[in-house]
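Both complexes shown next keep chain A, but they swap its partner, so chain B is in the first and chain C is in the second.
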Partner chain A sequence: MALKILSVDDSRTIRLIVTRAFKAYDCIICEAANGEEGLAAAAREKPDLVILDVTMPVMDGVTMLGKLKDDPDLKAIPVIMLTAESSQENVLQISRLGVRDYLAKPFKEEQLLEKAGRVVPLVKKAA
Partner chain B sequence: MQQSADYRELARHYGLAPVPDSVLRLTQLVARQDSDLEEITQLIDQEPALRKRLLQLANPGAKSEAEYELDTVERAIFQRGIGCALLLAMGTPLAFALAKTFQTMLALKLETLTPQQLKPIDPPCFLGTIAFGGKAAGTVCLRMGASSATLIAAKILGMEPKDLKDLTAISDAVGELLNIITGNFKSNLCDAGLNCRLQPPKVWHTSEAYTPAVPGVGLECLGFRVGQIVLLVDVSVNPWNEE
Partner chain C sequence: MNTTIPNLIDEVSDLLNIGVSEVFRTMLTLEAKPAAVLHDWHASGETLVAGSVGFIGDVNGVVYVHVTAGFARKLASRMLGLAEAELEGDEMVNDVIGELSNMIVGNVKSRLCDSGAPCVLTIPSIVRGQNFKIEPVHSCERRLLAFRCDADHIMVELLMKHST
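Showing the complex of A and B:
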């Protein structure tokens, strides 16, 4: 069965890059443009992995991560942060909330695949 | 100290690459209102890239190094004041982040333009701005011509430039580029003790030409080029904002 990956980022460009990165793999990519939409999508889709930005309008990634980890039904979903903000305070706060990995922008698609592959079993699509 | 050690451990675990120590140290020194000019001078003098840019900033009218009136870091700092070092501390992380973004996501090596090479941008232009507030407050602006914006967006999106007609997609790519460089810049300010928050980026498509500003007190202007792509980045900042 295909893996479900939820990409939460206010930038359509980043969501497109994430979708392109996993194109060769047996994955379904769901998208959300802010933390509020991301929480709703997580509850609805029950993804196998969330790839989450920090600075977003409406609800930021740190707030979404906190709410996700407070929800008994969603707290086990692994999260990889994908953000340009990697200050000490941000990294420490996010790490305390519980993330599986942290990828700083700018990034290469291979880096994202490598980190995702350590968290969920990525399987290439049959040719 | 413990927090710093925890961060270093996490940074190693996540594979996060920090800005160069010299840049972080310079920002820390400039962030203090009672900065020691001698310490700042020594630090800049030891780093060729910082030294070169400082002398450019201190001699805005000079066309070459031979025309520098202030030809040492010491003379530049003592005569132009801490404003020069401040601009250096703000502009260097931005330039570093932009170069890294182009290299990582576009496989392109940006060349830094000297102030004399900065030329007006013909319309139509794309202008992206991000405001930041907190202990440091200011604005970062990214400007480029429509053809540069299209080339960048097409490369990021994996498309042919001629096939990219969607202005919203181009604007979004410009906004994300700005978001990435400003996020890295903000991280450097926060790590130096100048905690601040970023506003979401705003991007405009404008029919007005843009003439590069002259760097001065509280304003740094940087230019970059690779092939037909030309970018201008301005940063205006008040580092000791009262919030």
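Showing the complex of A and C:
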């Protein structure tokens, strides 16, 4: 069964890059443009992994992560934060909220796949 | 961060030099090489695209990343892995330039925070047009940084506010 990955980022560019990164793998990518839409998508889709931006309008990634971890139905979903803000304080803050890993922007698709592969079993699509 | 604005703006300029090269290399596999600032870096009347992201906190400033509209389309095509004809209008191009600007300034912001000058980033915005220039108010210090990617130019403009 295909893995379901939820990409939450206000940048369409990043959502397209995430989708492209997993193209060769047996994954379904769902998208949301902010934390509020991301929470709704997480409740609806029950993804196997969330790839979450930090700075977004409406609801930022840190707030969404906190709400996800407060929800008994969603708190087990692993989250990888994708952030342009990788200061030590930021990284500490998101670690405390139970994030599984983080990736600082700029990033290479291989780095994202490597991090994701440590959290969920990525299987290449049959040729 | 216990330093004066002239020193600080030099430090931020250095961080931008590193950030631009790193972002272009990682996201676009392009070498953005520091170059001399040219005032005729684009043809008169050529459409320009500028991505802008600010940082607010113990240090305050804004960074504009200027490129020509033609180069912006090339960058979007390369970053998204799409042919230029597949780019839907200006929206996808604007989003790419906004995201590149966000990564460049995010890098600077993280290093400022780590060196004791906490600040937050603003949401990226885009200015698109012909023959426009950014005019700083008198309380701002300004630096221009130029880069070349082969024949194309990137102009990075940094404005920083004096502490009160």
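Here is the rule we use: the second predicted complex is superposed on the first by the 127 of 127 C-alpha atoms of A that agree within 3 Å, B and C clash if a C-alpha of one lies under 4 Å from a C-alpha of the other, contacts with A are read in each partner's own complex, and residues count from 1 in each chain.
Here is the rule we use: contacts are C-beta pairs under 8 Å (C-beta built on N, C-alpha and C of every residue); 3 or more make two chains touch, one makes a residue touch a chain.
Note that the coordinates shown come from a computational prediction; the quantities given were computed from them, not determined experimentally.
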Partners on chain A (chain B, chain C) - clash or fit: clash
Partner chain(s) touched by A:18 [first = chain B, second = chain C, both, neither]: neither
Partner chain(s) touched by A:92 [first = chain B, second = chain C, both, neither]: first
First, second, both or neither for A:55, with chain B first and chain C second: both
First, second, both or neither for A:101, with chain B first and chain C second: first
Greater residue coverage of chain A in the superposed arrangement, chain B or chain C: B
Contacts of A:83 with chain B and chain C, given as first, second, both or neither: both
Residues of chain A that lie at the interface with chain B and also at the interface with chain C: 10-14, 16-17, 20, 55, 57, 83-90, 104-108
Touching residues (chain side chain B, partner chain A) in the complex: 3-4, 6-7, 10-11, 14, 16-17, 97, 100-101, 104-105, 153, 156-158, 168-169, 172-173, 175-176, 179-184, 186-188, 190-191, 195, 198, 200
Complex contact set, residues of chain C against chain A: 22-23, 26-27, 76, 79-81, 91-92, 95-96, 98-99, 102-103, 105-107, 109-111, 113-114, 118, 121, 123
Residue numbers on chain A that touch chain C, as the complex places them: 10-14, 16-17, 20, 55, 57, 83-90, 104-108
In the complex with chain B, residue positions of chain A that touch it: 10-14, 16-17, 20, 54-57, 83-92, 95, 101-108
